[in-house]
Amino acid sequence: MEDVIVVIGGGPAGMEAALSLAGRGHKVYIVEKTNALGGHLARWDRLFPQQDPAQEILNDMLAGIKNADDKIEVICNAQVQSVKKRMRGLEVMLSNQKMILADAVLVCCGFDLFRAERKEEYGYGIYDNVLTSADLEERFKHKKVLCADGRVPEKVAFVHCVGSRDEKVDHTYCSKVCCVTAVKQACEIKELYPQAEVFNLYMDLRMFDRYFEQMYHKAQSHYGVHFVRGRLSEVSETADGRLQIKTEDTLLGRPMKITVDMLVLMVGMQACAQTEELSEKLDLKVSASDHFFETKDLFLKGNYAHTKGIFLAGACTGPKSLPDTLQDARSAAESIHRYLTA
Amino acid sequence: MKLEGKRLIWKDYQKEIPDDKYFYVRSCIRQNFFPASEHHFLKIMREDLGKDVYETEHHTTCGGIGYHCDVIQLETIMSIVARQFALMTEAGYKNYAVSCITSFGLYTEIIHTWQTFPEILEKTRRQLKEATGREFEIPEHVAHASDIIFKLRHEIAAKAKYKLINQKTGKPLKVVEHIGCHYAKMFPHKGVGGAEYPYVLAGMVEAWGGEVVDYPERRHCCGFGFRQYFVKSNRGYSLSNTHKKFESMEPFKPDMIITNCPGCPYFLDRWQYVIAESEGKTYGENGHGIPVFTYEEVAGLVMGYDPWDLGLQVHQIAVEPLLDKMGIPYDPEAKYKGLEGKDLGKPELPQNICCC
Amino acid sequence: MKDFGFGIKKSGVIDLDKADMSLMREIAAEEPSFLHCFYCGTCTATCSAGKYTGFNLRRLQLLIKRGQLDEVSERISECMLCGKCQWVCPKGVNTRHVVMLVNKKLHARKIR
Amino acid sequence: MHERFANAYDPFVIPYMIGYVFVLAYLVVALVTVVKNLPMSDRKKMLRHLFSFKLFVTIKDIFADCLLHVKIWKKNKMLGYMHSSIAFGWFMLILVGHIEIFFFAPHRVNLPWYPIFFRYFMMETETSVGGSVFFFLMDFFLLMVLSGIALAMIKRIRRRLFGMKRTTRLKWNDQLAMYSLWCIFPLRFLAESFTSHISGGGFLTRSFGMLFDWFNQFMNNDALIRPMWWAYSIALMVFFLTLPWSRFTHILSEVLLIYMRNAGIRESSKNNGYAGVEIFSCSRCGLCLDPCQMVSSASLRQMASVEFTRNVRLRQNKQAMEAASYCLMCDRCVQACPVGVNSVQLKLNLKAADVKYTYPNRYDYVEAEANPMDTGSAWADILHRTPEAAAPTKKVVRTPEVVYFAGCMSHLTPKIEQAMVRIFEAAGVDFTFLDKDGGICCGRPLMLAGDRTGSEQLVAKNTEAILATGAKVMVCSCPICYKIFKDTYKLEGVQVLHHTEYILQLMEAGKITVRKSSQKGVYHDPCELGRHSGIYRQPRDILYRVLNLQQTPYEGKDALCCGHSMAGEGMPYKKRRMIARDALRKMTENPVDVLVTACPSCKRSFAEIGTEEIRDIAEIVCDQLVTR
């Protein structure tokens, strides 16, 4: 008899884990709360570090799931209502009244983007030309990044660490992907509008992964992106609808102001809105420091929840890049397989 | 600019403002700088709006100037503040209305300290009792006087004779609002609209027909800064601050400035003269400055009070261009006449800035 | 004009809108490695001149990139061109060439 | 011999005459310009040389270098033959041609075109001995030139036959001049051949003429004779007219260069008239291309000296400046140049001319009058000086024998400094370490970048400090410093030694003893120590005593550059690294245990590349010290 696994969340982690589990002969149900698979990946245009089109990656995964339709069942527009322990396995009740008897549950509920409005002084939602990185990505999809009045932007500033490493919003952690995304998007702006001047306002540049440092180098040397070490303090609109931004050039120890046409806020990751609810229903532990789910440990049990039969993968256990998320998903599948065959 | 965005933020910074029964404390310096402002606050509140506002000649300074100049200890100041509250308690009031934002900030800070550290409150009670024999209650509501005008802005608008509208063009006047540092920057939730996009004055301007100018250095200090002004060798910093603000608002061509604080209108007004005389630069139309008002003065103008009764002749920057725009009649001959037509004498006119 | 005994002070704020970026562009065109600096400060730490004076090549390079040429023109002559900085630079910036170009170009603009 | 035409004239001489007059005028103008751009002392030298015995030496040199190209023969016989056959053959054609006139038509000596078109104007009606000798000689030298030109054509396609990996690429002006030069002699050959049934000819022209005679019977007689002479004349004109803008000016200016050099004129610190002659003397032979490591290792062909001189000549200042700022000034091209153009000095002068700023009291932040004896380090003392300490109460405790100046670069290779200190101590030498806690730069880097006044100011500061030590010997570890200390500093009473020289002295005096290790090593000559300062023997003498020294093809003057000289400030780091990597690879083609050098810069440069062990000679000696 095949084992049954319920995967909560149809983003990259959920899809990749499902594919991996199906490949091992298990029956997988993906429970997705929206009407389609893909998660944040579906909103993205191109992916760091080598500008791969997000859509292609997503399509490959979707095709994989379609090929494995005997093993993977996708249930969209559904959420987990309750999970009860049974003699053998777990009884998962969905919001559409469907009940699944599962041998294991994998939580892949991912992350939410930080709500940039919370940093009032950055003027998101108030000034027309303040965008988030996700908004910009949406515009890149259409190959057109224009100011609110239709002008081509001459000066664009990127603000790193918006909603990350910020005690004032209770996000003391680094979201890992914003630095490299900011560098990627800065280069993409220069590709689109070579005449534009681009400024990246960073606190530390965390170019930790493979090819990242090269991207940074290319941004500096090839694209001439200006890197300013300093955090944005405030934004205001000028008489002609541009944005005056203030920061300190901390490497010079002098305050600095620039008037830009467009300001992009690199919003970080935060635990998804369902975290609390899921933690109650599945008896999961949430970290007090970053509000993401806790795993049993960070090493050999990095995909195990504290409750038996429940596993975790992807950005619901802390910020992860897409490659890391996919690896984590495969590793979760391996953990589940071992658990089921033990 | 998306106004809805600001409204969303304003929603987060609502405070409860009672609309009646206030114990009122005046500012140390406003009576000299803008002598009719507090008078007209009381007059509008009592006579036009029929509110109960109590005032006693026994209240003193709150100690804020000494506090911000680092010359009086906080403990001493707490006793002074406690005495003010004792006066309120004795008069049977629970709502405390403050004319000065520095006082307002200080009261807020001290109440917050007492709430956080009850032992300090007890100590203050003891000290006040020992020193004066008085006892006090912490006010249920501390409102800045502008909070109250904000709360009553629509009532005032309903009774208004004039609007913040350019009578010649029919367009709303462009108004720079300046709330002052001590109003909300320390305790954003104690100010209407918070500190980033404060609404207290903006609400009045909106209600009375004007349009608020959001310019880049809006958040910046007026330049008063206590130590920066009081020590002459630092005064250049004070001036530079003000200069920075005017340079920033200049492209928006504001018709007027409305202010919240005792010091701000003074410095925004007088430093325009200093900038003009030392640098030759003016920011208003035709060599004029940008007229600066307290919110009480604006309320008074809107309500139809005589500009000279509102004390506008003591402003350095001439208010006449604005009166003309709003269509408010005035008697130029009466500008420097005091009570009962007493001649106040005409001031010497500056060289670079047009003051009449 | 009247003297009040005090006046508007020069702002310490770098106003990038008004900054003179031409020197940066010229140097980057002639010495592309000028753009590679990531401000680690190794050059400053090893600097022969920096032992005796406040000469700070990291800072000067950044000042050029922010268009603040006053301090650059005050200090650039202090370099002895010994080349230690070039040896230790992890990004392979041709620091000696940068210094020579700055000297030449500031002279050409009559700043020095 | 008889004249064919009484008027001794034909219109086809006009093109030639145009070129002839043009070249003469050009020569006069060029000579005047050169002399005008010379300092008075050099002008006097030129004049004096004309009346000295050394003139004969000059004539010999001109003959050997300009005509026979002896230096190129030494490099490659094919290449040597190619150059000398054209130059010498052509010279002999002119010479013998003029003698012919003296013999047969002395009254035509004043007609400049007569020797050029002699075979057209003169005919031999009967065979004479003199005639046939001349026919033979003229044909012989013509054949020589033709063979040279044939080789030149082959060289364009197969340059490896001539020992060259690379040759110059020609621009259109050079091409025009070269093709016209190539045309001159075949056309002359054809013209003379076609005319030979009338005028006679030698073994070459007559034989070919007979072939033509046979062919000619089918068509109108002699129709091709005058066109051929026209073509010959036009080719000459084109060559002369393009000469000033082509590389062939070297034919003329090299003569002047040899004359000037033998008159005792040398490169100066400014690019004056002599430099101009040098630049015009570059024949673009391309012999400097292969030795240039920018070209061979870093794909920077456009930076080679041959391109630099061309850019200077064509007043392409930007490109010339760029080449000057890239050049590492290793001197390998200067060694290779058959004409002796000192392109490194030309580049230095160009750089210096581009430095238009000077700063008064630029390095006054360094106080030089401190007493180095107090702490053992002059500059450390300055740093810790208090106003009281600066008072004139300071007293010299001792005067050391030796002052050691490690140099800025050595501070980045502290093992060299340590080794030297240990060697001093082992030898029991009383020394002071002048820049122990960091000193100031020697001034050579500024000089190499063209900032001469800056360099002078540093020289002054250091001179003061060195003299203040009272030491009679100064030892430095860095060849860059050594070069300027030796050449430029005026350190009276102080002997300046590089540590290779000094260590050898210690060894020879028996002050230190070493044992020989079995380590196999090769020695890399640093440019500043080797080619620039001529120190080749001492390091080898040392190394023979301490290790098993191997030979490489890159010894002495053929040594490679490490890529990291203090010149070349404009060269990107990656290119420097390519040069370093290539040099290291070449020198360690036969595996060794250690590569030894004597320069901190070379050491670092190679050490950054790979896994080979790179050490300074002082470190090796230090390791092998036998302590008593």
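Order as written gives the chain letters A, B, C and D; numbering starts at 1 within each chain.
Simple rule for what comes next: a contact is a pair of C-beta atoms (placed from the backbone, for glycine too) under 8 Å apart; a residue touches a chain by one contact, two chains touch by 3 or more.
This structure is a prediction, so every number in the text was calculated from the model and none was measured.
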| Separation of subunit D from subunit B in steps, with touching chains one step apart | 2
| request: Write down the chain pair with more C-beta contact pairs when A-C is set against C-D. | output: C-D
| task | Name the most central chain, where centre means the mean of Cα atoms. | result | C
| remark: In whole angstrom, the CA-centroid distance of subunit A from subunit D equals 63
| Distance between chain centroids, defined by C-alpha means - subunit A, subunit C (Å) | 40
| message | Report the inter-centroid distance (CA atoms only) between subunit C and subunit D in whole Å. | response | 37
| Inter-chain centre distance, subunit A versus subunit B - centres from mean C-alpha coordinates, in Å | 47
| query | What parts of subunit C, by residue number, touch at least two of the other chains? | reply | 32-33
| request: Return the residues of subunit A touching two or more other chains; collapse runs of consecutive numbers into ranges. | output: none
| said: Going by the contact rule already set, what residues in subunit D reach two or more other chains? | reply: none
| query | What chain pairs are in touch here? | reply | A-B, A-C, B-C, C-D
| request: Under the touch definition given earlier, write down the residues of subunit D that touch subunit C in their complex. | output: 325, 354-357, 359, 362-363, 365-366, 379, 382-383, 408-409, 411-412, 438-441, 443, 445-446, 449-451, 454, 458, 564, 566, 569-574, 601, 604
| request: Provide the residue numbers of subunit C that touch subunit B in the complex, in ascending order. | output: 1-9, 11
| request: Under the touch definition given earlier, write down the residues of subunit B that touch subunit C in their complex. | output: 232-233, 235-237, 239-240, 243-244, 274-275, 277-280, 351-352
| Which residues, counting only subunit A, touch subunit B once they are in their complex? | 117, 120-121, 123-128, 234, 236-240, 244
| remark: Contacts from subunit A onto subunit C in the complex sit at residues 199, 205, 216-217, 220-221, 224, 226-227, 229, 249, 251-252, 254-259
